[in-house]
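There are two complexes below, and they share subunit A, which is joined by subunit B in the first and by subunit C in the second.
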Partner chain A sequence: MISFLGKRAVASAVSLIGLIVLVFFLSRLTGDPTNLYLPVDASLESRARFREINGLDDPLIVQFFRYAGDIIRLDFGVSVRRGEPAIDAVLRAFEWTLWLAVITMTLVTAAAILVGALAAFRVGGVFDRIATFFSLIGASAPDFWIAIVAIVVFSVTFGWVPTSGTGTVMHWILPVAVLFIRPFGLILQVVRGSMISTLSSAYVKTARAKGVKNRPIIFVHALRNAMLPVITVIGDQAAALLNGAVVVETIFGFPGVGKLMIDSILQRDFTVVLAAIFVTAVAIFLMNILIDILYAVLDPRIRY
Partner chain B sequence: MSPRLSRVAAILMATTAGFAASAQDAVTIVLSEELENVEPCMASKSNIGRVILQNVSETLTELVPGSGLQPRLAESWEDMGGGTWRFHLRKDVTFSDGTAFDPGDVVFSLARNKSDKFVCEIGAKYYGGMELSAKVVGDSTIDITSDPAQPILPLLMSTLTVLPSEANPDAFVDLPVGTGPYTFDEYNRGENIKLSARDDYWGGAPTVKTATYVFRSESAVRAAMVAAGEADIAPNIALQDATDPATDYSYPNSETVYMRLDTQTAPLDDVRVRQALNLAVDKEAFVGTILAPGTLLATGMTPPSTIGYNHDLQPYPYDLEKAKALLEEARADGVPVDTEILVIGRLENFANVTETMEALTAMWQDAGFNVNLQMVETAEWNEYYSKPFVTGKGPIIVEAQHDNANGDPVFSMFFKYACDGAQSGVCDTKLDERIAAATAATGDQREGLWEDTFAYVFNDLVADVFLWHMVGFTRVNERLDFQPTIRTNSELQLSQIEFK
Partner chain C sequence: MAVAETGAPIPEPPHPALQILRMLWRDKFAFAATLFLLVVIFCAIFGPMLFEDVATRQNLRGRNAAPFDFSKDWSFWLGGDALGRPLLARIIVAAQNTITVAAGAVACSLAIGTALGLVAGYTSRGLSQVIMRLADVIMSFPSLLLAVIVLYMLEPSVGNLIIVLAITRIPVYLRTSRAEVLEVRERMFVQAAQVMGASTGRIVFRHILPVVFPTLITIATLDFAVVMLAESSLSFLGIGIQPPEITWGLMVSQGRPYLTSAWWLSFWPGLAIILTTLSLNLLSNWMRTALDPVQRWRLETRRES
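Up next, the complex of A and B:
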C-alpha cells in the first residue's frame, strides 16, 4: 500500500506540474489585465506603472521562471485584485467549499444508497417508479432555476429560511438542498442499477432459498457488493463539488472557491487562478487516494 | 413533540431570529460584488465608493445633486491665480483613530494618489495630465496648485479622499481610517463589512448607527433579500427584478450609452454616413421594451444634470428613408459605403446589451449598412475602445457606456473628443480649441462654452451616435426614508438615511 501511495503521489505531482505550466501560459493568452484594473481614462504613464508594479512588463518566459521559483517556496504571489496573498484568499474560500461538499455528499450518499437499494428491491413497483421519476427530474433540472425558485418560495413567500449568505445553521439549508438534488438523482440511479444486478446474482438467490430475511439480504449481502461502481460516481460528484459549486456559491453568496476562481479568471487575477487550481488539484488527488483505499476495504480481492 | 425534538426546534428558531429583521437603527446594504479592497483612493469604483466615500473617508468638497459644489472638509476656497486655489479647512476635525485632521493630511493624500508602489483609481481617473502640488500655508489653510491650471480644481477636490498622514504610503490600507461619520469596524472577507457611527464626528450625529454590507452578484437575490426583510437597500438591481413600485426606485444613473465612430476611416469619415447612422436608429423603440422606462434619448456625452449640457439639442429622428438617401448620396460621390463596418459591443455592459446591439445592427442593415456585430468581454473591448486603437480591421464602431456623475463635462470631453483623448474617435483642431477654452473658463462663460461644444460635436461633426441616458434601479426597504439619486451610482451616504 505504501508503495502504491508513493507511486500515486509521484504521478500526481507530475500531473500537477504539467497543469500549473499549462494554466500559467493559457491564462496569459487571455491578455494583459492592465486595462481591466485601471479606469479607461487612465494615462499611459499610469498603465506603464501598473505593469511595472505587477511584473507584467517582463517577457512571459521571465514571468514564468520567476513564478516557478516562487511556487517552489509555496509563494503563490499577491492577488492583483485583492492586494493580499493569493493563497490566503484561496484557502479561506476553499474551507467554505470543503464544508459545503462534505455536508452535501454525506447527505447525498446516505439518502441515495437507502432509496436506491429499496427501489431496486421491487423493480417497477410504486416506490421504484416514484424514486426514479424524482431522481431523473433532480438529475436534469438546472441548479440556477431551482435555486431562484427555492429562494422565492421558501425565503420570500414563507420566510422559513434566509435567502442567502452565511452566519447561522439556517443559512446552509437552501444551498445544501439545491446542491443535493443533482448528485442524489445520479447516484440513486447508479445504486439502483448496481443493486438490480447484484440482487439477481446466484448468492442472493441462495440466501433467499435459505430463508434469510429481506433487510439483511439488501443491506448486508447485496449492498456491499453493489458499492464499487457507486463509489466511483460518488468520487466524481465530490470532485465536481470540490472544484466549486459555482452556481450555488454565486446565487447564495457563499464565499467558496468556485466563485473565487471564476471571478479571478474574468478579472485576469492570475495568481489567484493558479493558487486555486493548485489547492483543488491537491484536494482531488487526496480524495482519489481515499477512494482507492475504500475499494480495497470493500473488496478484499483488490490489493495494491 | 419529544423534549429532544423541542430543544432542536428551539435552537433552530433561535438561529433564524437574526436573518429577518435588523435593529431600528441598523441597516443592511446588499452590493453586487465583493469589494476587492477597501482603499479610500479606490473609492471612485462604484461599490468601494458606496461603502467608503463620505461614510468613512471624506473629501474637501462635495458635489450635491441640485445644489452644486458644497463644502465638506474645506469650509471655503478661493482662486489665488496661476493655477493655485487656497482651501480653508475645518478646524476640530478628527480621524476615527483620534488623530487631528490638518493640512498635512491633504498633502499626504494627494501625494499618495501618485504613488509609485501602487496605482490609485482616483489619481489615474481624475488627475491624469496634470501635476498637482500642495503647500501648507497655515494651521488650517492649504494651497493646491495644478499645472496646467484647472478652473475646476475645487470640483476635482470632491474626488480626493483624505487619509491621515500616518497611513501606509506604499500599500493599500486594510482598515481605512477617515474623518467621516462612520468607523470602519471590520471586513470579513467573502461575508460582510461593518461600519458603526462615531460619537466624535464633527457633523451632526447620523440616525443610522450601524451598517452591514453583504455581497450577492445575482440581481434577483439582491431584490429578494429586501423583499424578505434581510436587507434594506439593494443598489443596481436589474429591470426585470424591479417589480414592486412601493420599494423600487428608478433614477438617472449618470451613464450615457453611445456608439463611438472611427471618423478617420472610410466610410465613417464622411459626415453624411455618420448622419445616416444616427437617422437609422429608432431609439425610442428600445425604451420601455428592452431598456427601462424613463431612459432618456441622448444628445451628448454627459447626463442632463451636468453644467453646460445643451438642452436645445434634439435627438436625431428615426428616418429610414432619409438615412438611405444620405447613403446613396455618399455612394454617388465615391464613398465606399458598402465596406464592412465592425461593430464592437461589450458583454455585460448593461442589462440587455446584447439584445440592444443586435436590434441596433439590424436597423443599420435595414438602412443599407454592411455591419458585422461582435460582442466581446471587457478586456478585449478595452483594446478597441482606448488608444492605441486596433488597426487593420477596417472601420470600427464601438459601443460604450460612459459615467459622469461629477457634474462637469471636463471629466468626459477631453478623453472622448480631443485629438489626444484616450478614447477619441475624432481629431478636429476647432474642437480641441473649444474644449480647451471651456476647460479654462469659469461661471456662466464656462457653461456657455460647453453648450457650444456639445452642439458642435452633435450637429457639425456628428462625431458619434448618441443613444441613451440610462436609468438605474435601487430597491429600498419600506421602513427607510431614503431616495436614491444620480450619486447612488458612486456613493451611498448612510448619514442621509432616515427611518419612517
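Up next, the complex of A and C:
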C-alpha cells in the first residue's frame, strides 16, 4: 500500500510539474501585464519600474526558475491585481467550490444509485425508460442554457430563489440543481449498466433461490459489487466539479475557483492562475488516492 | 448448429447498406435522430449560402419580435433578435460554424489519438510510456482553462478553436485504441499475419485498425456532442467564436441581456444545441449495438422471430 502510494505520488508530481511549466510559459505568451495595469499615458520610467518591481524585466527562463524555487517553499507570490498573497485568494475561492462540489456530488451519488438500481431491476420497464430518457436529456443539455432558463423560470417568473450571489441557503439551490443534472445522468447510466450485469450473476441467482427478498438482493447483495465502475465515474465527475464549474459559477456570480481562474486570466493575474491550478491539481490527486483506497475497501480482492 | 438442421433454406442476405437501413428503421428513436442530424448537416453545408442575406438583414421594426407570428415571413416564425434579424434564419446559418468546429475537432482528435494509440499499443514499451504520460498530463489539465489560455494567445477563430478542442479530446481516443490494440494483437489472425511476414504497418492498418474502428466511431459520435457543448460554453463565455461570426452558443449569450423581456432569443439556439446533442447520443447508443457483431442480433431479429 505504501509503495503504491509512493508510486502514485511520483507519477502525479511529474504531471504536476509538466502542468506548471506549460501554464507558466503559455500564460506569459498571452502578453505583458504592464499595459493592463498602468494607465495608457504612463511614462516609460514608471513602466520600467513596474516591470522591475514585479520581476518582469528578467529573461523568461530566469523568471521561471525564480518562480519554481518559490513554489517549492509553497510561496506563490503576491497577486498583482489584489495586492494579497495569491494563495489566500485561491484558498478562499476553493473553499466555496469545495462545498459546492461536496454538496452536489453527495446528492448526485445518492439519487443516481437509488434510481439506477431500481431502473436496472426491471430492464425495459416504464421506470427504466423514464430514467434513461431523463439521463439522456441531462447528458445532452448545455449547462449554461439550463442555468439561464432556470433563472428565468424560478427567479424571475416565480421569484422563489435569488438570481445570483451568495449569502443564504436559497442562493445555493439553483447552482447545485444545475450542476446536479449532467453527472446525475452519467452516473445513473453507469449504475444501471453495472447493476444489470451484477443482477444476472450466479450469486444473485443463488440468493434468489434461497428466497431472499428483492430489496436486500438489490441493496445488499448486488449494489456493493456493482459499485466499482460507478466509483470511477463519480471520481471523474467530482474532478470536473473541483476543476471549477466555470460556466455555472460565472452565471450565478458564485465566488468559486472557476470564476477566480477566468477572472484572473482575463486580468493577466498569473500568480493567481498558477496557484489555482496547483491547488486544484493537488486536490484532484488526493481525491484519486481516496478513490483507490475505496476500491480496496469495497472489493477485498484488490490489493496494492 | 441447430439452425442448419431446421431444413429451411437460408435466405440470401440483403445488401449490407440496405440491412443497416432496415435495422435503423426498426429503432424509431435512432431513425428520428438520424433524420434530424441530416437536416442539421444540410443546414450546416448550405445554410449560409442560401440564407446569409436573410439572416444578416436588420429590421429595427422587428426588434425582439415575438415567436409564432405566422402572419410574418417564415424566417420570423421563431421571433427576431435585438436587431430585428430573423432567429430561424440565424440558427440555420449558425449551424455551419457550430458543426464545423465540432466536426473538425472530432476528426483531428480521432486521427491523432488513434494513430498515437496504435503506436502505443503495438510498439515498444518505452515509447508507449511516454505517450501515456503525455495523455495523463492532458487529462489532468483543466480543459476549459487550456482553451482560455490558448485562445487568448492566438486569435479566437474557427481554426484555433478546433485545435484547442482537439487537443483536449485526444486522450479519449488514445486510451481506447491502445487498450483495444493490446487485446487484438494477441489474437490468432494477427499472429498468422506475422508468420506470413506482413510488415508492422500492414498489420496495424490492414488487420488491427478495422477491428478497432467501430468502437472508435461510436465514441466519436458521443464525443461530437461533448465537443459541441464545450464549444458552446466557450462561445457563451465570450472566448470562443467572436461576432459577427455566429454559433449557437454565442446566440445564447447574445440573448442573455434580454432574458426577462424576450426569452426566445436564448431559448431557441439552446434548444437547437440540445436536440443535436440528444440525437448524437441516441445514434451513438444505437451504433454501440449495431456495429458490435456480438450484440447485433438484438437489432436484426427483434420482430422476425
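The rule is simple: the second predicted complex is superposed on the first by the 296 of 304 C-alpha atoms of A that agree within 3 Å, B and C clash if a C-alpha of one lies under 4 Å from a C-alpha of the other, contacts with A are read in each partner's own complex, and residues count from 1 in each chain.
Just so we're on the same page, contacts are C-beta pairs under 8 Å (C-beta built on N, C-alpha and C of every residue); 3 or more make two chains touch, one makes a residue touch a chain.
Everything numeric here is computed off the predicted structure, so don't read it as measured data.
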Notebook entry, point to check: Looking at the overlay, does A:59 come into contact with subunit B only (first), subunit C only (second), both, or neither?
Noted result: neither
Note to self: Touch test for A:124: subunit B only (first), subunit C only (second), both, or neither?
What the structure shows: neither
Notebook entry, point to check: Is A:211 touching the first partner subunit B, the second partner subunit C, both, or neither of them?
Noted result: neither
Next item on the list: Determine, under the contact definition given at the top, whether A:164 touches first (subunit B), second (subunit C), both, or neither.
Entry: first
Check: What is the contact status of A:136 with respect to subunit B (first) and subunit C (second): first, second, both, or neither?
Finding: second
Notebook entry, point to check: In the superposed arrangement, does subunit B or subunit C reach more residues of subunit A?
Noted result: B
Next item on the list: Could you look at A:250 and tell me whether it touches subunit B, subunit C, both or neither (first, second, both, neither)?
Entry: both
Note to self: Quick check for you: in the superposed arrangement, does A:148 touch first (subunit B), second (subunit C), both or neither?
What the structure shows: both
Checklist line | First, second, both or neither for A:156, with subunit B first and subunit C second | finding: both
Note to self: Just checking: does A:49 make contact with subunit B only, subunit C only, both, or neither of them? Give me first, second, both or neither.
What the structure shows: first
Note to self: Just to be sure I follow: which residues of subunit A are touched by subunit B in one complex and then by subunit C in the other one?
What the structure shows: 30-31, 148, 151-152, 156, 250
Note to self: Going by the contact rule set out above, which residues of subunit A touch subunit B in the complex?
What the structure shows: 30-33, 35-43, 45-46, 49-50, 53, 81-83, 89, 92-93, 96, 148, 151-152, 155-156, 159-171, 250-253, 255, 259, 263, 266, 268
Next item on the list: Would you pull the subunit A residues touching subunit C in the complex into a rising list?
Entry: 11-12, 14-16, 18-19, 22-23, 26-27, 29-31, 136-137, 139-145, 148-149, 151-152, 156, 243-244, 246-247, 250, 261-262, 265, 273, 277, 280-281, 284
Checklist line | Complex contacts: residues of subunit B adjacent to subunit A | finding: 11-12, 15-16, 18-20, 33-34, 36-37, 39, 44, 116-119, 121, 123-125, 128-129, 171-172, 189-191, 214-218, 220-221, 224-225, 227-230, 377-380, 382-383, 385-386, 415, 422-423
Check: What part of subunit C is in contact with subunit A in the complex they form?
Finding: 133, 136-137, 140-142, 144-145, 148-150, 152-153, 225, 229, 232-233, 236-237, 249, 252-253, 256, 259-260, 263, 266-267, 270, 273-274, 277-278, 280-282
